[in-house]
Amino acid sequence: MKVLFFAGLRELMGESVIELDIDTSLTVAELKTLIRLPTGESLASWSQSQSLLAAVDQAMGSDATVVDPGAEVAFFPPVTGG
Amino acid sequence: MKVLFFAGLRELMGESVIELDIDTSLTVAELKTLIRLPTGESLASWSQSQSLLAAVDQAMGSDATVVDPGAEVAFFPPVTGG
Amino acid sequence: MYRRISIQSADFSLDQTLDRLKQHSGSPGGVCFFVGTVRDTNLDEQVSGLFLEHYPGMTEAQLARILDAAEQRWPLAGAEVVHRIGALQPGDNIVLVAVAAAHRGEAFQACEMIMDYLKTQATFWKKEQAASGDRWLDARISDQTKLTDWDAGGVDF
Amino acid sequence: MYRRISIQSADFSLDQTLDRLKQHSGSPGGVCFFVGTVRDTNLDEQVSGLFLEHYPGMTEAQLARILDAAEQRWPLAGAEVVHRIGALQPGDNIVLVAVAAAHRGEAFQACEMIMDYLKTQATFWKKEQAASGDRWLDARISDQTKLTDWDAGGVDF
């Protein structure tokens, strides 16, 4: 499973993409507990105080969205284009 | 007093401007009774069946608008720009 | 507010209007433009051309009054109105209204109000060359209705 | 409906967009454009530049979904969305949305809706170079509110 980070979160993670070796489906919420920032804090814990959006296969998702092992997931702050 | 005609009314009148020798103030409604189309019909009578707008000194006017002897008056159909 | 009103037979450029608005209206954030063009059909008939007549002097005065009304209602940074006159072909540009403002909602609203007023208050007339002959266009009831909506919203004109 | 979506570092031309819309969307009558530019101040600080990052692939997909939603709601003739990425200076163009339609009210509404959705749903992020250092911009609550207004009006997205 490929997980991408953008903008401020990308800088905080220190990388723009990680590969996770996961062979079952799980929810976005579950995935957030498995990803850790360089500080050791989980993304799930961090997102309790920060706005965080998630996309699954390039469409907006929520905590309940199911992620298949081959999916592309992305986490990012609220968008600021335009 | 200078009276201008535009668009379809100009073609109907056969001229774009006439000079009237009027030395007192009068209303647009009164002025319309004095102006005659080539058919002999007055503008007042014609405008009962046709949409007609009036401007006095280059601002929109109504039948009640007072016209001074030195004014520029214009009559025209509803506008169709844009 | 920066403003420019032009009645001209020549075509216009949106890119040049944008450059002027940027140059003269500070750093407004957003610009809304509307461009009206000559349609190739009207009343189910092919249109081969258009002739645009106007009332020199009054047209400019009316457009200035319309910009005054918009400026009174919204905090705008700049506006341009360009309207062509003379002979035009299907597809040709007729009118350009551009409004710069700090907030995009205000740019959209002011641009639409200026167009709605221009359609009913600016002294232009279109004569159409159609297959069945030349004809002066009639004003549209729908344009009058749109104006009433702005009046209800308190536009002072 | 004719449509074109472009994410690019190069600047864009409104005149060229208008030409393409005329060429590909019949004889639509009216085109509404919105252009967003880089402001020179933000949060009371001088801004010396901006860097725009996006999510390649998803951004294009989101913009296509936004155009789908607009097309579902109004009878449109064509639309273009151009968004720049990379390093930009104050005054530079950032975004262009252009919508051609037979009726101008629909062109205005669709253009504004596309901009409102773009602001909250398209995966772009701005990093600003200000006097006090570089900072990622925060999303605005007001942009979220505008979206809720469209949702209440029944936009399907």
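Which chain is which? They are A, B, C and D, in the order written, and residues in each are numbered from 1.
We take it that a contact is a pair of C-beta atoms (placed from the backbone, for glycine too) under 8 Å apart; a residue touches a chain by one contact, two chains touch by 3 or more.
Note that the structure is a prediction, hence the values are computed from the model and not measured.
If you take subunit B and subunit D together, the chains in touch with both are C. Shared contacts of subunit A and subunit C, meaning chains that touch the two of them, come down to D. Inter-chain spacing, taken between the CA centroids of subunit B and subunit C, is 26 Å. Computed from the mean C-alpha positions, the centre of subunit A lies at a distance of 72 Å from the centre of subunit B.
Along subunit D, residues 36, 115 each make contact with two or more other chains.
Among the residues of subunit A, none is in touch with two or more other chains. Against subunit D, the residues of subunit A that register as touching in their complex are 4, 6-8, 51, 55, 58-60, 74, 76-82. Those residues of subunit C lying in contact with subunit B across their complex are 36, 52-55, 57-58, 61-62, 83, 94-95, 115, 118-127, 136-139.
By the touch rule above, subunit C contacts subunit D in their complex via residues 13-15, 18, 22, 27-41, 90-91, 93, 104-105, 107-108, 111-112, 115, 146.
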